[in-house]
Structure formats: structure tokens, C-alpha cells
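Could you have a look at this structure, given as C-alpha cells, before my questions?
Which chain is which? They are A, B, C and D, in the order written, and residues in each are numbered from 1.
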């Protein structure tokens, strides 16, 4: 088998044609560290558009495919050292499952945008496939890639804050304040369409990010929750605002909220974690600050690249202290770790996906369960609803 | 009757002896604008302590009383122009009603710390007395006294933000993270004691501030709410953390939360208001900033003392732009407006308490109903609970 | 002699009639702590205006004087316990000396707005008078009254930052960006008029504040300086912008700059102090934060009212942690300490003015020397200029 | 000749071996946008080290060179479409000239770290070579690559701030507070060594960044300056702190300061620009905020990715509003524009370097003149010194 150690990994992409924001993000994140080269893609279901996109990206015309099925088949037929090593999936939600299944079963690793699938059932089915194939499956809950978020997790796990009592995770946006899905805004169109986005718009898109971020840092799992969904924009089919009370296993309490109608808000997420000894907060708009508070002490502001951070956090900072990093670097940290897993998989010493620090299919299943549970709670007059076993 | 126009108003105080934080706050707020002089007090139920406190405050020994009953009686017996004009009540909650009733019925105006009374029933009874006596009754929901909070209210009322959709009001504190009520911390002792604080600790003390602040700015009234109370500190009798989902009349949604176990948090409140056209946020820790956001525009930061503020807001700024004001100035704005009402009351052209910009007994009744409704919701497995008619 | 211990101190005021910002500031600062009552004033050189101002302030008509000479004489003639204890001087600069001299020699203590006098010669003369009379003379360099500024001083003096290497003190404003002195803006008129403001506008008004703040915190004295003055507004007679390089005794270096033409700036000051072990910064617009930085450690943010502050700093905080204080409270801290000195003076155990923590006539002399030295440097083609011995 | 349009550009690198911070930065910045692939390098003067470095970077062993001369020769000998298109120079300063000259004259474009050369004489010589060869020469004054810095420049150039009156540009650092050049800190060793860094340490390394940033935004050129250099760390041969007063052509005034002994400061730069109509400020530590102030208006905070930015600025934002970008993205913007120039150069329609938005050899010459002028001023008892014609 090919020795991945001596070369860049070869990436294919499904989705991410012209105008698709998240496709470009994945490409930049993958390119940043010089470990990955993009060599193939099914960028659009229209073969001409796919080829045109590929040309812009300097991809050989014969590796610009008109469908992901074709791509999986053709790439698998190439010489092992010449085919793609993994595929990045950046399509709308309803296609994630089929694409991931196809590539995993064709022997490729997968990096997939979140949420993992269209619904929980699919997520569980995908989990089986991932486990059966033994391939790497990384889900891009990218906020967990920030070095300071990893430091936050480290601080909680090392007991610095004591037992966690309370979590406040927020993700406010304002981009769906108007009914832009009725204009030609493609992303708004599928996000608000139950046939493509699934049972939830706001929680599915960004609420899951807030939930994942809180869980990534604290390790807390939800026991039950009470959700209030609102569709503020008339005619919209899915909720555009969600306020959720949470009871965590072990007694902690939480507030998770996401909103797409919060005028003037660009993007969260924001997270605050309170323990018996101290608390921390982190806000994506100023991502180079992690604020730590302990009773009767001055508050502390931690910044990347400093020797007071854990070794692991330091290893994820690409710049010396004082030079800010941001969204793309965090996103690239997911790729970096997935690449590490892929290289080691080839070398025959693959561990469970769990052994690496990237979101896995288990996170994908959890996230889909979170979406479904909030939908169920919200539609049942907001009664407290048990979180299912997974 | 005495012409109040030509002299400072004379203030008496009930409660506020040595070590009581809030008594000193009321005295400074009352003194700041040179409109009020403190001339009498029942600072403690122990006559000696009361007299000692009075001496520190340069009050004549014969006007340092051992009980509020004695004070009301003795002051009422003085010559009209020599007696107190109003009393400030800064005792623990369970005494508010009796003191207020006594002084109102003895012909004095009242400034009262919040919450208005021990429970809703008392608050309604007090409302009747206030209306019957026609006296001024001002409740010190002091955060509404900040000039920029008043500007926020002005912006909402003038339609600048459009129709209000969402409200997030928070009041995190950390001072009750440990069981300090078991030490000699007097304030913690009564705050966590149902016999003196009432049915709620956290909501009664600070949740009401958050609710009032949101209502003051938006005018929104609660239709129903769903509260989750937690007592994190073992052995404590009342809740020390409360997360509340709110449905407002007219369709807006809200999150109100208060916490006394949030390690390292000094004091909120924080408030964010989202409308169909724009949003605003204000945070007490940096009270000289009011942040305004409109879609697709740079965010704006408003500061006190500037000509772009409403005339009313400008009139409440004591300093030119750039010189910060803070908590005591906000508190003093409540006194300032109450004094205006008192002066006009004497001049025979008193309007309803409503015509002035200070919290009234109606706010007191509302606040007590808020406390009772959250307690009812929280104790009934957090079902959505109707807010009562008042 | 009167026992000042048992009563409020009686204050008179010279200047500060209607519309004068700083007069109102002094009155609020003096009133805040309930230690001072305003009983007399020469608010205007027009007796009618003075009386009208006094009426607004509830001062007896017979103690509203038409001139400060008249006031000094009349007050001195009253019964000791009924006359003023001290006078606050809030006139334009050119009158400070005459007023201060008159009241000091009539046996009164003095609180004086800065700069102390019209020029250095006057300041030195005043110093002699202060020393000869033994009266309290407090100069309201009010920024040094902030609790956190005092904490900064404490941190430097206790060696926490090591040896001080560098100081950056700034005071940007924008109010003189246009030639408003040609409109009816009275304050702009005298500030830009050499006959009333002295040899400098910008340094005299606010540069001295920046210099005093830096010196208050660090104790550093200037060895020589190099000043660049600019008059940006055509027709203006004095500088409206000043950039100054400083060499301190002992080897530290500094930048002090003041500007009145910095569009959109409301008010500094800002100060940053760098030592061999650590650094600190403080900014008046957010005065409740003192930022401390040490190499390879998270930065720290100190806030008022906390137990980690020095005892002295804590004693100057009027509120518990989390409730912000601001400009007026800082100003009041100057009055508070001056009052303490006056009370102790009467009790016969007066120490040198130095023993108290308020700016004295020595600071006044230093400040006037700073103004004169910058003017001299600026007018000599910006050569480095020695700071004089005082 | 090769058509660069249809492929990535091929990059070589001189310097940037293991442990060299800036080499890795250039590689990431070059990789980010998928327009450039690194194919060759002389990473170290030790051929084995160079090869080891190349292996880590997946470079073919035969293109890992032991010297830049060898590299220039070997690459020039390759087939036009297989050789490097440009070289990135990331050596210490004293080598810049020789490397740049060699590659330019061998027919390659150059991207060079700043400062351009060892001294002004070299810079002028290099300017001649660049002009003679007609090759692209881009100097990585990377702070000018930030989208919001470009917006700042746009705002100034479009007259939004009026005529510029005052500039304050700062670059504080603390990393040379101790004599770490005496340990094995390689970068500190050459930065403080006149033989490798040139006549200045602090101004050469970071003062030039501050100056360039101010000039990039405002277009202002220096008429004369007055510099104060200090070497705070005993035994150090070059200055570690510099305070500079500036007179700009046309009457504006400036303060530029740089420091490497400012304890706890990670990295500036910070810049504030004041005009007759408004002002702006930008701070690298929070690079996603550009603050705009106009008299008597709320201050505005601009953030990347928004439609209110100029088209040009928007085109440089890689992410939608709300997702922060940072140092590497700014750095990559220099590469992006240099690549555009290189592609167009090949297509035969090259314009002067000036027509593109990246720092050129002219900036390099200006920067070296700035360094030499500050050194001259500082060593002549800080007299005001004329800026030379270039």
C-alpha cells in the first residue's frame, strides 16, 4: 500500500462549486498546512459546472466529475498512489449520507461538513458503516478547532474550574431576519427547506455548533431538555430561533440558544462555563481571548502562542504570541488532526477515531439526536424531554 | 403647607445601619445632586446602634430613632417645614410593607428598595395604600436609572429597532458560590432565608432586576414563562440559580437568567434586545457603552453626554461626553425624579406616579408577580405557567 | 475653636455659576459622601447672577456674594462655627492665585481646580503662602482620585512592576477641532486666550493631567523634555496639540501627548507604565479596569471593590465588586482626603499636606513648571530642554 | 513562454529552515489560496539541513539546495514550465540583497521579507536591479495586507476623514526585555547583532512596520523626525526602544514608537489616524475591528465581510461577516496580489509594480531611509533631522 508519509495527501471534494461559501473554506483549511493537495472533485451535479469549477482550482479535467458516484468509481480505479486519499463532503445536508457511504465503502476516508446527516436514523446507519469500514470520518465542527477552545477543554478536564455547574452556549445570527429564501439566496433556500435541511433550520445549522462546543469543552451529556422554537418570519417552514433549557447528566444546568433573526449579529458562537472553582468564557468574534475568572482574583485573559498554555494547545498555534489566528486556522486544525489519523491508518497502527482530537461520527450521531430531541420538545408544548440513548 | 421649592428635601432612613451596603448607596445617591439632606433615621432596631449610626452621619441625636414606628410618629409631630419630607426604606424585604405603610399613612412620601414587599399579596395591599394616600412611592430598580438605559428605552419606543422579537436579560453573580450564609455574612443570611427574603433568593434579589430592566426598555409584558430553579449549594433553602424562558404578549420571546453561583462574575446585569430593524445591548460592567446594531451597517457605540442622544437622556447626564458615569449616578437619577415628583406634589399639580420616570408600586406589584410565577413554574416540574393579571 | 468632628464641613465656592461645567462637578463631588455642605458662594462677578446661582443651590441670599473679596471678608467675620471651613476655586486659571491667596490669608482652607495658577511664578508665590499659613491646599488633579489609579500607584511603589523603564501618557480630545472659540462657547474662549489660560492651551488644560497621572503612579520626575506644539486651527493663538518626548531622572523614558483636535475622541486620559518585571495600563473611558501584564503570563484585569486590591484602594471603593464607579467618585476621593486633612488640622495634629493623598501646591508648582518647560522647548525649535529645579 | 494561467505558481524559498518562524509563515500564507506550490528551497546553508527541511515539506530531494546560488542556477536551467516562478526570501537581513539580486538577475520574481536590505545603499542598488529586470518584487509588510487596513486606506483616500492632521503608530513588544540573545535564542541573536541586523534593532524590526502601516493608510511622507533611542538591556549593542516625533510633508504631525522591552506586550501594531472630519483606529491584537469616529456621532465598528466595506476590501475577505480572519490571511493577501502581478507579467501586460497593491522595492527603499534617518537623529542628540530625498 502507498506510503503516505512521504507525500501530501490527495483530497477530492463533493459539492463546493462556485458561490458555495463552505467549499472554499474547506479548500483553504486543507491547503494551509501544506499537507494536502486537492486533485479531484464533483463540484456540481452539472458536469460542465463541475469542470469549470475544477479548472479554476487547477484540477485536471479528467478528475472533474459530474457525479459523486462516478467520482468514487473512477478514483477507486486509479493506481493506489495516484487516487485520492479522502473526500471532503460539502453538499447540502440531505446528500451527506449517500456521499459518505459511497466513499467509505469505496475505501476512502471522509471529512464531512456538519450536521452529519439528514436525520438521526441516517446518522446511526452511517456510524455502522464507519465502524465497519474502519475508515477515518471527521466531522467539521470547526469551532472546536480553535486553539483556545482546546485550552478551555484542557482547563475543564484538568479540574481547574472544579465541578461544572452551569453552561451558557449561544449562537446568534441575523442573516435570516428577512425572507431571503424567497430571493435567489441559494443557501437560505435549502437551509429553510425541510426537504433539504431536515427537521430544523436554526438548531440544525448553528444550534448544533453551540451544543457541540459546550460538550467539547465540558464533556457534559444532556439528560433532558426543554426547547422553545419560534418562526418569526412569516411563511417560513422551519424555526429561525430556538431557546433551550438543558439538564445535564450529573446535575449541571444549561442554556443553549441559537437565532437567525438577531438583527446585526454576525456570528457567534459564545460560550461560558461555570464550575465550583472558576469560570471561563470564549467568544468567536474575538477568538484570541480566553477569559478565566476565579473568585476574589483578577480575571485573566489567555491568548494563543504563550508558554502558559498546555503543550497540546501550543502545538496547535501556528504563530508566536501576539499574532492573531482565526476561523480558517481553527478549521485547518480539524484537517490537521484528520490527516494525522489517515497517515497513521495507512501505517497500520490506526486507533479508534476517538484517539484523535477531531469530531467523529459519534459526534454526528449525538448532534442529530440533539436536533431531533429539540424538535420533539418544541413541538410538544415545550415539555421537558429526555435525551435518547445512542 | 411648606414650599418645597426653596429648600432641599429632608430625608429619613429606615434601615441602613453600619455595614449595610445598600443604605450607604441610598445616602450617596440622595446626596449627589444637592437636592436632599438626610435629617433623621431609624438605622437599627437597637436604639443605641441607631444613634451611633446617626452620629456618624451628623444627624441630631433626637432624630435617631430606635424604631420606625417611633420615627414616623415623632416626625409627623414636627412642624411641617421641619419634619422629613420622605423616608427611604433599606431594610430586609420582609419589613418593607410595614414600614412603607406606616410612613405613607403618616403623610410621607416613600423611596423603597426592591423587591417592593415580601410577597405579591403584600405588594397589592401596598398598591392600594399608595393610591389611597396619593403619596409618591419610588422603587429603586436602579439599573433603569442609567442614562444609556433610558436611551435604550427611547430607541425602542421611537421604533428605531422595529418590532421587538427577542430579549435576553442576564444577571450573573458569584457571591453565593459557597455557603457563606453559614458564616457571619449577614446579607447572605437573610437573602437565603425564606422567612426574610421570601419565596426566592436568586430571582427575588437579582432576577427581578433583569426582568425589570428588560421591561423598562421594551415595555413588553409576560404572557407565560417556564422556569428552572437550581439550588447548587447543599443545605441552602432557596434557589441560587434560575434559568427562565419567556413568552411575551404580542409574540416576542425571551431568556431571563440570574445566578448567584457563577464563579468570578461580579455583577450583571446584561441586556440584549432584538427587533425587526435592529438590536441593542447594554452591560453594566461597562455602563458607558450602548451598542446598536443594524443589518449591513457598522455597529455603533453610544456614550453619555453626547448631542446624538435624546434630550431626555442628555438631561440625565451630569458630565460632558467622555467622562464616565456609573452606578451611583444611575441610582441618583431615581432620586432626582422622585424629588421632582415630590416637589410637584406639594405644589398641588401632582400627576399619577406614572407621569414620572421612576419605578412605582406598579413595578413593585409586577416584580412580586414575576417572583411568584417563576417559583410556581419551577416547583411544578417547569411547565409553562401563565403570568397572572394584576 | 470649632470641633469639626461633629458636623459637616462648610464649603464656599468661587466661580462655578450657571453653565460652568466644572463648578457643578465640584459641588457633586463635595456632596457625595455627606461630609460637606455648600453654604456660600461668589458664583459670578455679577452680584445678581451670583445670587441667582445661589438660589438654585439653596444658599441663603446673604451668603451669595458679588466678589470673592467680599466673600472672604464677610465669611471671616462670621462666628467660627458658622463660617465656611474652606473654599473651592473653580474660576478660569488667571484668577486662581488671587482667590487662593485671599482665602488662605483669611484663614480658610482651599480646594483649587488645576492648573494651580496662571504661571510658574505665581505658583511658587502661592506655595510660600500655603506653607506660611499652614492651611490645607488641595489641587483637583482628579484622575489621581480613581481607586484603580491608586492601585496602580501602589503596585509600582511596592515593586510589583520592577524598575520603571517607560511611560506612555495620553490625553486626546476633539472638542477644539473647529474654531468654536469664535462662537459663544465661553470655555473655549478662555482656554484659547493667552490672557486667561496662560502660555499654553492644550498642555495647560489636559497635558498637565496626563503628566500628573504618570507622575502620581510612578513617582518619576522629569530630567528633560522635547516638545512639539502645533496649532492646527487657523487663527488660534495657543497650541491645540502637543507631542512630548521625556527623559526621566533615573533613566526611564516617556511619551506624553495631549490633543484637542483629535476628531471623535471624547476624553482620555490613558496611561501605560512598563517596568522590568511587568506593565500596567489604565484608560479613563473604561475606568473600572486596571490591566496588568507580566511576561509569559495571562494578562490580568483588576476591578474595584475586590479583596485582591490593597487595603487603601479598597477603602476608596464605595461599592461592592461589580458595581462600576466613575469620574465623580474619583473626584470625590480628592475631597474626601482633603476633608480628612482639614478635620485633623483643626484637631491640632495636622501633618504636612504631603502626609495626605491629594495633590498639593507642590503638584501645582510642578505642573506649572511642566507647562513652562514644554512651551520653552516647543518654541526653541524643539530642542531637548532641562526641567528646572523647583 | 509558459502560460501561468492554467496552473499554480511554483515557489522556491531561501532560508526558513527548521525553527525559523517567518519561513513557516510565508509557506502557509503562500499555500492558503491554492495558487502556489512550494517546489524548491535552499532552507539552510548546510545542505543536509536543507534537504531534511525539504523532506518535511514534501520537496523532491534534487530541489533542496545547499546554497541560494546553486538553487538559482539549477532552477534557471530547468524547463521553463518546470522551474520555479518566484523565490521567497526569509533569511536574516544581511543576506536579502545578495539573494534578491541573484534571483532577479536569473529571471525570477521575488517575494522578500522586510526590511528590504541591510542598509539604504543596498536598497537603492536593489531598486535599480528590480527596475532593470522588470521582475515583480514584493516586500512583505504584512500588516498592510489586512482587509480592514485596506479599508482604512480607502477611507482616508476617499476623503472620509478630511485632511489628515495627526498619526499615532505604535509597535510595542516585550520579547527582548531580558538579554535572551545571550541564550541560544537564534532570532534574538541576529536581531541584536549590528553585523546581521544593520544599524538598528527595534526600528529595523518593528518600527518600520509601524511607519509603513501609517504611510500605507495615509500616504503621508516624512519631512523630518526627532528620534530618541534607548538600549535598556545592559550590554546590548543596538536600541531596544525608540520614540519618534514626526513632521509630515503638508503639516501633519506624528508619533511613531516601537519597543521590545515593554513587559507583557505581545505584538502591536496599533495605529490611530486623525483628520479634520473624523478619525480611525486599528489594533492588530483585535484585527477584525476598525473603529471610526466622527465628532458628535456614535463611534462605529467596522468588521470584515460586510457589504458596507469598499468592493476592494470585500474582495480580500475570504469569509462571510462574523467569521474572523487574522495574521495569516493578511499575509496571504500580499502573496495573492504578487501572484496576480506575476501572472499578468507573463501575459505581457505587466504594469509597474506600483499598479498592484503590495509593498514594493520603493517601500523597501523608504523603509531603509526611515531606519537610517532615525539612527542619525538618535545619535545626534535627538535633533530634528531631515528625511532624505530618495
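Keep in mind that, in the parts below, a contact is a pair of C-beta atoms (placed from the backbone, for glycine too) under 8 Å apart; a residue touches a chain by one contact, two chains touch by 3 or more.
The structure presented is a predicted model; accordingly, all values stated were derived computationally and were not measured.
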From subunit A, the most remote chain by mean C-alpha position: C
B-D or A-B - the one linked by more C-beta pairs in contact: A-B
Separation of subunit A from subunit B, taking each centre as the mean of its C-alpha atoms, in whole Å: 44
Subunit A-subunit D separation of Cα centroids, rounded to whole Å: 34
Separation of subunit B from subunit D, taking each centre as the mean of its C-alpha atoms, in whole Å: 56
Residues of subunit B engaged with two or more neighbouring chains: 265, 292, 297, 299, 303, 306
Residues of subunit B that touch subunit A when the two form their complex: 161-162, 165-166, 168, 174, 177, 226, 228, 230, 232, 241, 243, 245, 247, 253, 255, 257, 259, 261-265, 274-279, 292-295, 297, 299, 381-384
Interface residues, subunit B side, partner subunit C - complex: 6-8, 21, 24-25, 27-28, 31-34, 37-38, 55, 57-58, 173, 265-267, 284-288, 303, 305-306, 318-329
Contact set on subunit A toward subunit C in their complex: 292, 296-303, 306-308
